[in-house]
Amino acid sequence: MIITILSAIALLILAFAYTVTLEGIARKIEARIHRRCGPPFWQNFIDIFKSLTKHSISHGFIFDFGVLMALGGTIATVLFIPAGNLVVFPGLDNVFVIIYLLAIGLLGMAMSAVGSGNPNASIGIGRALTQMLGYELPFMIVLLGVFFHFRTSSLSELAVLQNSGGTYNVLIMPIGAVVGFVSLMGMLGKKPFDTFIAPAEIASGPLVEYSGKYLGLLMTQHAFGTFIEIGLFVNLFLGGGKTIWEFLLKFFLVYFLAVIISSIMPRFRVEQAVKFYWKWPLILSFIQVVIVVFIMGRRV
Amino acid sequence: MNNEQTAWERVANMLRARSLWMLYYCTGCGAIELPPTMTARFDMERFGIGPMATPRQADILLVTGYLSTKTLRRVIYSYEQMQAPKYIVGFGSCTINGGIYYDSYATINRLDLYVPVDLYLAGCMPRPEAIVNGFKNLMDKIDQGEATGWKDYEANYEWYRKNQIDALGEVYIHDEFHE
Amino acid sequence: MLFAIFYMLDKLGSIDFSTVATRIESATVEVQLVILISLGVMVLAKMGVFPLHIWLRGSHSSAPDEFSPILSGALTKIGAFLLFTITAALPSFRIFSQLPVFNGIPMVNYTFALLGGISIVVGTVMAIRMEDAKELIAFSTVSNSGYIVMALSIGGTYATAGGLMHVLNHAMASAAMFMAIAAVAYRTGTTKMHEMGGLILKMPVTFATYLVAIISVAGIPPTSGFVSKWLIYQQLVQNGLPFLAFAAFFGSIGSFMYVFKPLAGIFLGQLKPQHRNLKEVPLVMVVPMAILTLLTVFWGMLPSNAIKTINAVTASVGINAVEVTFSRIVALTGEWDSILVTTVFAIGFFISLFIFMRAKKARQVDLMDNYTAGDFLYTSELYHFSYRMYRPFDRLFEKWPSMEDWLSSLSDKIKELGALLKAIFYPANPQLYIGLAMVAIIGTFWWLR
Amino acid sequence: MSSMNDKLNEIMLMAGQFTFSEITKRQFSVNIKSSGLLSVLGLFRQKGFTHLSLITGIDRLNDEKFEVVYTLFCWESGETILVSTLVDRKTPVLPTIMEMWPVARFYERDVHEFFGIVFDGNPDLKPLILENWSEIPPMRKDFDPHKYSKEHFPDRKYNADFLPEGGGEDE
């Protein structure tokens, strides 16, 4: 019992510290791409703690409850992500549970954003949910193939199986990995798919009415969300790593690739994003699943 | 100024100085100076200063240029929507003393009668170097805890409100274009 | 349906399920097919699955408010009971084993599952485009009965258990949703979403009921909706059925969209001036809603006792039970612990509450004091964005043929045919009418002699 | 250029006494008496000058006149014509041209607010831009904006020691 609590705390601190520094480094990378020197990499820590010290306004009960539900849901999901050999709940981290627990965060954020009564926020939430329908489908279909092949949908077992078998999923199912990465870009809300927090059009979408401590809470939620989504991708397709450092290295590589792609891409409109996701990634994911289910069959 | 801040206040000020978020609201001709300060050559972001879309999230309100009575209403409304440790930077001579529009019937001459201004940047639109230097001064002022414009806005609110009513008639106007 | 019963009587000599179950195996393939297909059509009609789902929209939305929960909660589930008997009681797997098998499922079952899948997709897409709350929930019923049909017709331990559990969950959730909308309609007199707003201040209990109901329909962990969907997914993964899985995932992700629309339209946002002095619904309406909410959350946190009863049902039919301990559900491809998930969520909630309390107290501001890009706004109605919330999504499906127009044109043609026949056989003057009747009677006697 | 001449010959007969000058290859200005205003504008409109881009006023204080300029533009030939008339400063009244160009309603309202010229026939000559304005119309030359600015918008008092003695604060 004590070990799970300690490892849970360790995982939370690791997730928070690592992802926020990574976001700082991402801002530095983007600055370098824009040929300027960019903020120090611990800038995101300063932003979060500064927001927590500021005064703020609230639009009533649902506005607060939604933010707490969002952060609570995301913290709960982080504990199910195995980071290398730091696994908090060994057998119980089922991928479906993770994906749907993540949905609590989104629902909480949606409720509080619309509860603020600002039309920008409602438009942003409408776009976010529409886009979620876009990028979740190919991802889930590819996941179906992975679970069918490895006969298990528990994340830590998947990681162990990939390591013991020696071949990562990226090599067995390259198309699935590509589709997974493209929908990861959608999940993270990186540049080509960040229509729901478009600063110029709808004044940063759902975040329009958040000030002070709400903004701090939501930035930590965004950090945890990034950790969950990229951790999911690394465990599923890159074997999750035998030690924590290997996991963190792979985490950094995936995040680095996502940042590079996102810093030079313009922004999709929502229906373009959904059309894009339902055209190429969906077809590729079906091809991948058909290959896995009918040709490759189960893992021997 | 009383700058014996508590330890917690000092840390908070240090945080606030390093990460200032600027509101996207450009009122006059000075707004054209901001893109060069943010992009490659002068890069304001290395001080942690970045643009934010809504007053709720912003710390600094940049009043960049002459202020007609209609724009002043929006500036006051946005300022009141911003959250507590907030600062105003007045760009150019039009906010200091009316500038070239000193004798116009439509523009105000002195900004800090209506909203507390923490920093003035001289120049009939200061160049990016002056803006970056100004922001450095503002960051030092915040560090020492002297940038307390928002405190005295709350303290003598009636005085500010009287000035605003004198100049504008009413701040939250209902029928501006006489429909 | 009637034809199937008489046909069973004629061919198998009895309509008692157990005897039919034993005798049907020996019957020829045509007999089996006829019986099961005709019963299957009744299931599709009763549950509002894809080809026959048009009546759900009209009936549920125009039914009196207090009756539609029963309509969608209970009546459509009778179809599920019949489907359970067809697929599980009568051993459909063994009967159709010699038919071409698709990935371990006989062709007949697979067609039913496919129809269920299509109805999930159609139900979700149509629900997203609805403007009236009751029509929206009617289409959510179409989508969820699609889940039940797909789960039960796939067979296998987890899908049958998941299907039956989904019957229970969806009955509770859609009944709670309809009751909440009925409560709102009782107070405001309308179910159009864009004519209301901000009712959370006036009707908190209804809001809580509706919130838990949509969390269950969307299938999010702490509520029971997730349990049944999880079981269905385990079976889909186990058998490896990509196309059915696509429909299932589409339904569950799409359900986030359409369940959230009434929540945002009716309960959140600015309060309309005419709803200013609304009060909460009287106690007699609140109690059933509260019971349903507590049950959904109870079975969400402790699915084991719900699953134990389902295991008893499936055992009676000879399908092995789902292994379940006090709080943990074990399936072939993974397991999860419902109590653990809820406690972890509670811990996360308290951590964020702790940070929330530590920071400075927030200043309460009413909903009209919003960021409006510096402009002043005084009319609250214009400000609440809820009409056609997913406009980009609608544009995607604008040009698709609408099922209703096609069927309504079909029904018009049938009506004309009927009028034509009526003109021939029921002439105005009585003599010819009596003459025709005499001829008909003589003819039947001659045939029956 | 030739098309311009034949248009002008017809109008010359109509308007009687007028002065015509050519600003650039495509811009011309015509000054006519206010009595012939409506007919000339109508004629220009038929000749293709369908676009009324602006109505503006000029305050000729020393010879007690307001000059009102109508700027018309012809899409086909790309020519602009400035039709201007003089109107007495004491009783500045001109007929409205809302029937020909509905947009003139707002231009006339604007000129009325800033010069005080009355356009009879225009239903709503309410103020357009200025708010709670109690002074005389501000664009008139006898209005002193500096005095107004001093009264309404106080400015910064500072002892500017660097100024030469004569040119100090004109307080």
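When the chains are written out, they are named A, B, C and D in that same order, and each has its own residue count from 1.
The criterion applied here is as follows: a contact is a pair of C-beta atoms (placed from the backbone, for glycine too) under 8 Å apart; a residue touches a chain by one contact, two chains touch by 3 or more.
Computed from a prediction, not measured in an experiment: that's the story for all the values here.
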Of all chain pairs, the one with the highest number of C-beta contacts is A-C
Chain closest to the middle [Cα centroid of all protein chains]: A
Rounded Å distance between subunit A and subunit C, as computed from the means of their C-alpha atoms: 30
Approximate Å spacing (C-alpha centroids) for the pair subunit A, subunit B: 37
If you average the CA atoms of subunit A and of subunit D, how many Å lie between those two points? 62
Could you please state the distance in Å, as a whole number, between where the Cα atoms of subunit C are centred and where those of subunit D are centred? 70
Going by the touch rule set out above, which residues of subunit B reach two or more other chains? 54, 56, 84, 173
Residues of subunit C engaged with two or more neighbouring chains: 360, 369, 371
Subunit A: positions in contact with at least two other chains: 53-57, 203, 208-209, 212
How do the chains pair up in terms of touching? List each pair. A-B, A-C, B-C, B-D
Residues of subunit B that touch subunit C when the two form their complex: 25, 54-56, 74, 77-78, 81, 84, 172-174
Which of the residues in subunit C come into contact with subunit A in the complex? 103, 198, 200-201, 211, 215, 218-222, 226, 230, 233-234, 236-237, 240, 242, 245-246, 249-250, 252-254, 256-257, 260, 263-264, 268-270, 328, 332-337, 340-341, 344-353, 355-356, 359-360, 362-371, 373, 383-386, 389-393, 395-396
Per the touch rule above, subunit A residues touching subunit B in the complex are 27, 31, 34-40, 43, 46-47, 49-50, 53-57, 199-200, 203-204, 207-212, 215
Interface with subunit C, subunit A side, in the complex: residues 52-62, 64, 67-69, 71-76, 79-80, 89, 91-92, 94-97, 100-101, 103-104, 106-107, 110-111, 114-120, 122-123, 125-127, 129-130, 132-133, 136-137, 140-141, 144-145, 147-148, 151-154, 157, 203, 208-209, 212-214, 216-217, 269-271, 274-275, 286, 289-290, 292-293
Once bound in the complex, which stretches of subunit B touch subunit A? 12, 15-16, 18-19, 24, 39-41, 43, 45-48, 51-54, 56-57, 59, 83-85
